[in-house]
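Chains: A, B and C, in written order; residue numbering restarts at 1 for each.
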Amino acid sequence: MISLTNVTKLYGQVIGVNDVTVNLSKGAHGLLGPNGAGKTTLLGLVTGQLRPTMGRVEVFGERPFGNPSVLARIGYCPAGDIRERSVTPMQWVSYLVQLSGFTRHAAEKRAEAALGQVSLSAAASRPIGTLSKGMRQRAKLAGALAHDPELLVLDEPFDGLDPVARHDLVSLVKDWATHRSLLVASHLLHEIEPLGAGLVVILGSRVVASGPSTEIRSLIDATPAEVRVVCDAPRRLAEIVCRGDDARSLRFEGDNTLVIGTRQAGLLAERITAAAVDEDIAVREVVPDDRSLEGVFGRLVSLHRGGV
Amino acid sequence: MGNAVSSDACPVVLEDVVKRYGTRTALDGVSLTVEPGITGLVGPNGAGKSTLVRTVLGLVRLASGRVRVFGLDPQKSPHQVRQQVGVVPEDESAVPGLTGVGMVRYAARLCGIPAGEALRRAHEVLDWCDAGQERYRPLETFSVGTRQKVAFAAAIVHDPPLIILDEPTNGLDPIERKAMLGRLVTLARDHGKTIFLCTHVLPDVQAICERAIVLAAGRVRLTGTIDELTRPALPMHRVEGTGPLEQLADSLAEAGIAASLVRTSRGPAVEVATPVDADTAAVLRSVCEHARHVGVGVRSFEPAQRPLEEVFIASLREAEAVHSPEVLHAPA
Amino acid sequence: MPLHDVGYRAWKGTRRPPGSAAFVIATTGIALSWKSRWLRRAVLFAWSPALAFAMSFFAFEQAVEEGRLSMLEVTAQSGRNLDGVGVLGGLLVNALGRPTDGEPAYLPGSVEEIEQTRRTVWSRLLLAFMRAPQAVLLAVVIGLVAPTLISRDMRAKAWLVYFTRPVSRRDYILGKGAVLAGVVAMVTLLPALGLWFVGVLVSPSVNVAWATADLPLKVLISSLAVAIPTVLLALAYSAITTETRIAGFAWFATWVACWITHSALGAAELMADRPSPEAQSFFGEPFDGPGEDDRHDRSRPMHWLGRAAGLDSSIDHWAWVSPYHSIGVVQAAIFGMEKRPQAFLPPLISLASISAVSLVLLLRRVDAPLRS
């Protein structure tokens, strides 16, 4: 469905994506990466807003750049908030649909249907400025899917949403994606994990990993990490931890802190919990180190770059 | 074909190379080979290291002798030779007005890489060298560490099989130094590159080099693998520990095992002879028995090596004393 | 394992042939120089004389089209400003009654004569343009760009960047020279070609382009004659020192000092000989001597313009002393205005020597630190 072959995008001297080759078949896909890694550039290339400096982009077998027939089959929901605050969702979405080439009448019908899909019918005639952030996101989403595209491309759709709103939106997107294709970009793994999509991880303008989200999750969990435990019997806990083989290193700090280096943070967590209960050790704090995406993948990437 | 690069030819071969600047002889009959892997070139200032590098690049005319780089004569085919070589010079060199990525791109284009691909490759190499967003700033604003990264990136951007570095860790903090050395090891080990490291910093040589060449006053004084160079005259192991080490030495000597107390930079230690045909495990067992007997806690037991510094200084002193053109090979 | 290999990768593409480094150095050098605001302003300003001269072309062609060519000189003599800037008028009045070397006087009747007049007037206008305002502006603009080109490189030890790579001295000098050649093109060649093109546009028919087709060629050769010695000299100064100020000063000082020397020697020669008819024409006074109508004062030709257009038939014996004057004489020879070998050979030899010495100096200096 989407295929990028040795695609490089340069903005003057600044690099957007560097020699990216990605093949995505129909279905749901997630694009994971920190800000500035090239996610928006990649989405721009896929949605025909950008032309690659080198390489080839093909969506549905054709180049999307300046190609209305392909663009009509893609729905794009960009990052950032809606700027027009005084129009209503109904007006805004129907305007977008008209831009796709529908007549005004048809556009309004579609807008109504789309707003119904995102459960925004009640608020459809209120100015956007009066809506909550979650509702604005839903309006944006309606704008993207109103013309019934085959591929929905979403850039940070869950940004700034509270957990409830995010949960609602996730189920909505999942629902919608059952018979269509989806490409969602985000910098937080836990946001796109629930979609059950295949993931492409982009870091520093390069694709560093790709695979099912479960594999990516285990890759992250398997990265060497440190867990700091504050308890009242650190040496006893150390003894228990040593019995297993999920700890790579142990270090005592002060009288009550045990720092455990591990490659299996999940298993270790279970054993600490079990120890706290069975051995009656009063555990006050369990603090994992920086598990941010940059931290994890940065460390993985540095292995390739001569790091230890 | 005379101009084709021979892939199985030795990276660098010098035979009796003599170079004079007026009355001063910079290289006085230098013969050496640089094999694939990491080779260190060690020597005091004025030994001829820079002249050697210039000779390899074909930048100077020789009084006599032969130089071959991958089978080519750098004087006759400078273009092809320099395509195969990447140099990180000691002195900061820059093209004023360029940004970091602009500099690496310029270097790539000067080596013949087409313009668009040069920029992409420049970014790729800068990524690998861990240069972040600073690459977009002008060269003049860089710290030493970043400058070295950019210079290194500019040297490897055209993927040369031979990389010559002159004092590459000069001015780097410990983390940067470790990273730079790590990159050199990766290039040599995983990508089959030949690294020729000219440096004063003996810990660097000890850390990553497989072979070393000692150059002084325009002549090669010593050449061999690090192992050969630092091997002591008689094979022995060093025992470090807590407690009365003197008594341990005496106790071992009484039992017929050649042992003596020595002072090292880490404190006193006992050196125990371990002849080639001896069973090292058995020796260790005896040492531990004796140690327990006299009350010594053994902390380490490992093969003794002469520090590279010692080897280096010794060879320089010999050079001053003897002034002979013989090359001393490390004892086999 | 879903992790991609983002480690070091080899590069196995095709490389450009040897010698392409010159192009790389040239394009990067031009891009870097063009960042300078002052250069951009100077280049823009350098086109302003072209506007003035364009008016002359326009006025001339208007006269041709309206059939009042024969009236043109009379109008000029009567003091009317023909083209708003006095260039054409000055040119025509200066040439009044002084056909040189078999060229017809400016009193054409037939079509062929119009053609011939056009060729003469256009040639003289182009020559004057390139020789006078543009040459001076060129010296200034090159003085802005050239000093930094090599001396900054030397200060920053850029030879380590260039000569450890497949770049030869020839590539380096060619590349840097191309930057300056670009400047020459922008200040001299392109405006002159533009003028010719304007002339073609405002002329009665397009066939004028074929009739005057040798003029663009002469403009090109003339630009080369300017470019080679000035570029080499400027680069040589830049290569001698690591201080850009010294290189710049040396450059301007050369032009000024040589000009002054030339004027002094010329004046001394004049005072030594008796004033000859040629000498009188040198000052551009009407042949009839002083005491003419006041109206002539208004149409008083510009001395420098007459000389620049090649109208003064005296031989400048001291031209070879000054690069500016040497270039002028050689350009006049290229345009066919100066046919006497004794007039243009000394300047030509002088320019060739400057070029040769500068080239030798350059070749020795650019990689000197590597050979020490």
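Everything below uses one rule, namely that a contact is a pair of C-beta atoms (placed from the backbone, for glycine too) under 8 Å apart; a residue touches a chain by one contact, two chains touch by 3 or more.
Just so it is clear, the structure is predicted and the values come from calculations on it, not from any experiment.
Engineer: Select the category (line, ring, star, complete, other) that matches the graph of chains linked by touching.
Structural biologist: Topology of touching chains reads as complete, every chain touching all others.
Engineer: Look at the interfaces A-B and B-C and say which one is made up of more C-beta pairs in contact.
Structural biologist: If we tally the contacting C-beta pairs, B-C comes out ahead.
Engineer: Distance-wise, how many Å sit between the C-alpha centres of subunit A and subunit C, to the nearest whole number?
Structural biologist: Computed value for the inter-centroid distance: 63 Å.
Engineer: Need the CA-centroid distance for the pair subunit A / subunit B, whole Å please.
Structural biologist: Here subunit A and subunit B have centroids separated by 46 Å.
Engineer: Would you kindly tell me how far, in whole Å, the mean C-alpha position of subunit C lies from that of subunit B?
Structural biologist: So the centre of subunit B lies 57 Å away from the centre of subunit C.
Engineer: What are the residue numbers in subunit C that touch two or more other chains?
Structural biologist: Those would be 6-8.
Engineer: So which bits of subunit B are touching at least two other chains?
Structural biologist: Within subunit B, residues 117, 124, 127-128, 186 contact more than one other chain.
Engineer: Can you pull out the residues of subunit A that are in contact with at least two other chains?
Structural biologist: Correct list: 206, 305.
Engineer: Per the contact definition, I'd like the list of subunit A residues that touch subunit C in the complex.
Structural biologist: By the definition above, subunit A touches subunit C via 206-212, 215-216, 219, 300-301, 304-305.
Engineer: Where on subunit C is subunit A touching in the complex?
Structural biologist: 1-8
Engineer: Any idea which subunit C residues touch subunit B in the complex?
Structural biologist: 6-13, 15-18, 20-21, 24-25, 28, 32, 35, 152-153, 155-168, 367, 370-372
Engineer: Sort out for me which residues of subunit A touch subunit B in the complex.
Structural biologist: 8, 10, 13-15, 18-19, 53-54, 204-206, 302, 305-308
Engineer: Going by the contact rule at the top, pick out the subunit B residues touching subunit C in the complex.
Structural biologist: Residue list for subunit B touching subunit C: 21, 54, 57, 59-60, 78-80, 82-83, 85, 87, 89, 91-98, 106-107, 109-114, 117, 121, 124-125, 127-128, 154, 156-159, 186-187, 190-191.
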